[in-house]
Amino acid sequence: MNKNRAEAFSDGVFAVAATVLVFAILVPDVEEGKLTGALLDEWPSYAAYAISFLTIVVIWVNHHVVFDSMDRIDRPLLFLNAFLLLTVAVIPFPTALLAHYLQAGRDQQTAAFAYGVGMSAMAVAFSCFTLYARRFRRTYVPLDWVGFSFGLFLYPLATVLALASFRLSLVIYAAITVFYVVLPIVRERLARSSD
Amino acid sequence: MNKNRAEAFSDGVFAVAATVLVFAILVPDVEEGKLTGALLDEWPSYAAYAISFLTIVVIWVNHHVVFDSMDRIDRPLLFLNAFLLLTVAVIPFPTALLAHYLQAGRDQQTAAFAYGVGMSAMAVAFSCFTLYARRFRRTYVPLDWVGFSFGLFLYPLATVLALASFRLSLVIYAAITVFYVVLPIVRERLARSSD
Amino acid sequence: MNKNRAEAFSDGVFAVAATVLVFAILVPDVEEGKLTGALLDEWPSYAAYAISFLTIVVIWVNHHVVFDSMDRIDRPLLFLNAFLLLTVAVIPFPTALLAHYLQAGRDQQTAAFAYGVGMSAMAVAFSCFTLYARRFRRTYVPLDWVGFSFGLFLYPLATVLALASFRLSLVIYAAITVFYVVLPIVRERLARSSD
Amino acid sequence: MNKNRAEAFSDGVFAVAATVLVFAILVPDVEEGKLTGALLDEWPSYAAYAISFLTIVVIWVNHHVVFDSMDRIDRPLLFLNAFLLLTVAVIPFPTALLAHYLQAGRDQQTAAFAYGVGMSAMAVAFSCFTLYARRFRRTYVPLDWVGFSFGLFLYPLATVLALASFRLSLVIYAAITVFYVVLPIVRERLARSSD
């Protein structure tokens, strides 16, 4: 199995999943003069879109780092990858669900819980993929425990917390994404300054 | 005709078709307090999404194996490939149809039959593509009769069975996908242990 | 401007446009026992999907042949290419329109006319692109007048005929696609037999 | 981080975003004999589709020029790129919004303002991306002040003007796109004639 084509297919799924997230933002059909208010009331859609988009980009970047570290792949890895992509491609659904119920102002806990289930599934799938992929690495790299554990434990935690406070869980979902954007930048800077 | 660009276009269709499957899962619009129940009732959508997604991945992997075995392609192959992609790209429709009528609890036989027609069409298109492609192989490879016949005969069988029991046909659709995921892993393992 | 990246972007648009055509096929929401009839009544959707899908594949193949013949590209070509892609990406709209009104059994002439306008626009855009691209060819190739003129004149003709008989125009739309699938296969066969 | 894979992912997002713009054009569901009128009344949808499509192509071309000028990338650039893609992928929403309210004949100012906000966000994201990318250029290239400032100042200007006259702002949105299509063609021609 050719590594490059598996990467190309994965890139396609990541790119399409990220782009169709926009359909979680619906065009409001309101009466004359009420569009401004309706667009402002849609802020949960914009937030859900942005968090999901950046989360998919973060997973895509890390997916790429894992692929780059391998010199070959096998069939089980190919299907662990497929399972990961399945969890990525489904994200537009919990995103649209969360946007809809935050705007509707009802059942926000359930919607935030469902969103967390989707994110947790992706974190689990990514962890399985990454751990299995370690056998094909070109050189020994110690497992990045900080980065690795963060999402794997925080997503399920935030999911359970959603039942008590959906606001708190949404803050954690957003914080996880910000953390994964900032962590490698900080590390890159530290590595450069220590040279 | 360049093999690589035909592969890139095919990868694009496979990736988009797999990713837009998610639109078979609809955001339920229910009253306060009924979202949890509504989301649980949507299990047929999740199952249909997962089966179709993995089936497209399986076809994509095998498509890649066939392309890899050829040293060139010609115009008839290009259009057999187009016919295969046409059957792949249509899968979101029978998937959404199956999800809708399983949830609605009516006409499940017809929906399962229609889903089977879509899958059978893909199996037939893939078989035509594979058989024709054999003339461009770099080295002689015996036809994989087990893998080859499995889908070609089981999909139409499950389609007809749907009229008697849609549950049985759904189990067979899922089993075919699992079979194609597991078969190459088992073979790879056997090949390695015999080295 | 790099030729390869322009090709990759174009391939992406062709692949996505072809794959989202499936949304022209709607899941019918009918009462118990009426699904079989409803699915059979949807034949115009299947036909419109198939014709549009194969037409996009034909344009994609020819687009590739033109790109392959050039050794470099310039900005005007890039925007003629963009104009072509704009006409390709819009095809899901006239396809869904045609499917809807053929099924509804009203205003079929107008729908078939609109479909023809879309196809004619694509044929014009492809002709502009091809003619301009000739200045970057590596070697002299005589213009393929048969293939070239066929779509450029038949699409507008079928579009106008739609106002008299939408059935006739649909037959011509389908025939043009079949012609472009068969023509190069015949030519390839003739070329090989004359070697 | 590999430059090529970041480009491939970006190309995917650009291509998908441009192609799903077509869903801003809705199939009108009208009574017998009223389809022709309904299709003509949809001109704002066609215009919005064309302007957004060409704008995405323009950004894609310039994105490519920036990527080509760099010999490597780092993590901050990767996330500035992600932010740019986030603003590109959202464009189908303001496009559909603009099309809907221009056709509805109400709240056009608000819709044109929202469209301008989307375009301005993209211009700002592109500027941040371009300015940061300058540190990785292979050779010194003076900043293209004309091209650079044009969108960055005209988009916000047209956005504010939308509140006074949506027609004027729409003309400016279209003019910016035309400007970016024509500018490099003129420059290429000047460069060639001065050789």
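As written, the chains take the letters A, B, C and D, and residue 1 is the first residue of each chain.
One rule holds for everything that comes next: a residue touches a chain if its C-beta (ideal position, glycine included) is under 8 Å from a C-beta of that chain, and two chains touch if they have at least 3 such contacts.
If you're wondering where the values come from, they're calculated on a predicted model, not measured in any experiment.
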Angle of rotation relating chain C to chain D [CA atoms, steps of 5 degrees]: 90
Equivalent interface positions on chain A and chain B, same or different at half: different
Gap in Å, rounded to a whole number, between the CA centres of chain C and chain B: 26
Where chain B and chain D are represented by their mean Cα positions, the distance between them in whole Å: 36
Touching two or more other chains - residue numbers and ranges from chain A: 8, 12, 16, 20, 23
Residues of chain B defined as touching chain A within the complex: 7-8, 11-12, 14-16, 18-23, 25, 27, 29-36, 39, 49-50, 53-54, 57, 60-61, 64-65, 68, 181, 184-185, 188
Residues of chain C touching chain D in the complex: 1-2, 5, 8-9, 12-13, 16-17, 20, 23, 74-76, 78-79, 82, 85-86, 89-90, 92-93, 96-97, 100-101, 106-107, 110-111, 114
